[in-house]
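Chain IDs A, B, C, D, E and F follow the sequence of writing; residue 1 opens each chain.
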């Protein structure tokens, strides 16, 4: 019954990609620790780039500077 | 001054129901551990069903399959 | 399949009290939103009082000042 | 490589204010613990006032009562 | 620069298994969303079984009942 | 009533340094968004280096390699 929270910037992850993340991390926990997929919870949070900072700057600003 | 984070899928919880969750968990902490309601913080996160996985699948997919 | 995270200071919550928190919040979600207890995950984090701040001070310091 | 999550109610924080929070907390970690800004991640979550409770009530309700 | 938080019960995960989780989820994000491993942060929280509840009971109690 | 969670590796942060983080981030929220220090909650999580990954490796391993 693991709980996994994946936070990414809101930059166009598709439904299909998010499904792959859910399946992939559930299988990883099954294969690595024998965890039961039926009670493995995965939550993906997509965060606006204004609200995500790295290097002391928002990702919005970094994208404008080509980073 | 407890902090409680309740994550649920975004499937129509009403303002009234969310108020009940806030009141209920605040009272639970007061009655169980004597915590002061005035500094008990409760945050409810509602997550899109594409972004919530269980059993290796998104809740969107499971709902389509009647689960 | 809600996920609930309860953060409290590490100040002697007993196994019995933690069991009451788990049972209480699971029942609250069942009664308020009809959530299935079997997939309701509750995680309690107990945090050292040096590591918990309110009013700009650690709880350790506030306890010394009788707060 | 610290990770900082700042949760605030969604009550009009501007892009500029959020940039100040990101810069400020990154500098604080650099100056206090010598952490490298380049790998310091800051995520700001803005939460609807219906979904934030204190004193057993939602912030929406408290605002209506002038609190 | 994704942030991934994996919460599992404290039931003997080895250093090697935790390294596999870190590597596995970092590669998953690289392969699925093209995320840069160099700024992908993974944090594993191991939680005492008294502090983890499912089905309204602590995992400690469920283990005693052979679940 | 903001909630701030600061996650750092468990590498010797002193009580004094943690007090500075608490005070610093509380003042930052007061000065930037006018938030009330009396209900600003700050929680610092210190994570074992085996349990923190970046670049697909644990910090324990990276430290051994001088990173």
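Here, contacts are C-beta pairs under 8 Å (C-beta built on N, C-alpha and C of every residue); 3 or more make two chains touch, one makes a residue touch a chain.
Just so it is clear, the model here is predicted, and its values are computed rather than measured.
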{"item": "Other chains in touch with both chain A and chain F", "value": "B, C, D, E"}
{"item": "Maximum centroid distance from chain B, chain identifier (CA atoms)", "value": "F"}
{"item": "E-F against D-E, pair bridged by the larger set of C-beta contacts", "value": "E-F"}
{"item": "Reference chain C; chain at largest CA-centroid distance", "value": "A"}
{"item": "Rounded Å distance, chain B centre to chain F centre (Cα mean)", "value": "25"}
{"item": "Approximate Å spacing (C-alpha centroids) for the pair chain B, chain E", "value": "21"}
{"item": "Contacts with two or more other chains, residues of chain F listed in rising order", "value": "1, 3, 7, 21, 39, 41, 43, 45, 52, 54"}
{"item": "In contact (per the touch rule at the top): chain pairs", "value": "A-B, A-C, A-D, A-E, B-C, B-D, B-F, C-E, C-F, D-E, D-F, E-F"}
{"item": "Parts of chain D lying in touch with chain A, wherever the complex brings them together", "value": "15, 18-19, 21-23, 25-27, 37-46"}
{"item": "Chain F-facing residues of chain B, complex", "value": "1, 3, 39, 41, 43"}
{"item": "Chain D-touching residues of chain F, taken from the complex the two chains share", "value": "1-9, 13, 17, 20-21, 24-25, 28-29, 32-33, 35, 39, 52, 54, 59"}
{"item": "Residues of chain F that touch chain E when the two form their complex", "value": "7, 45, 47, 50-58, 60-61"}
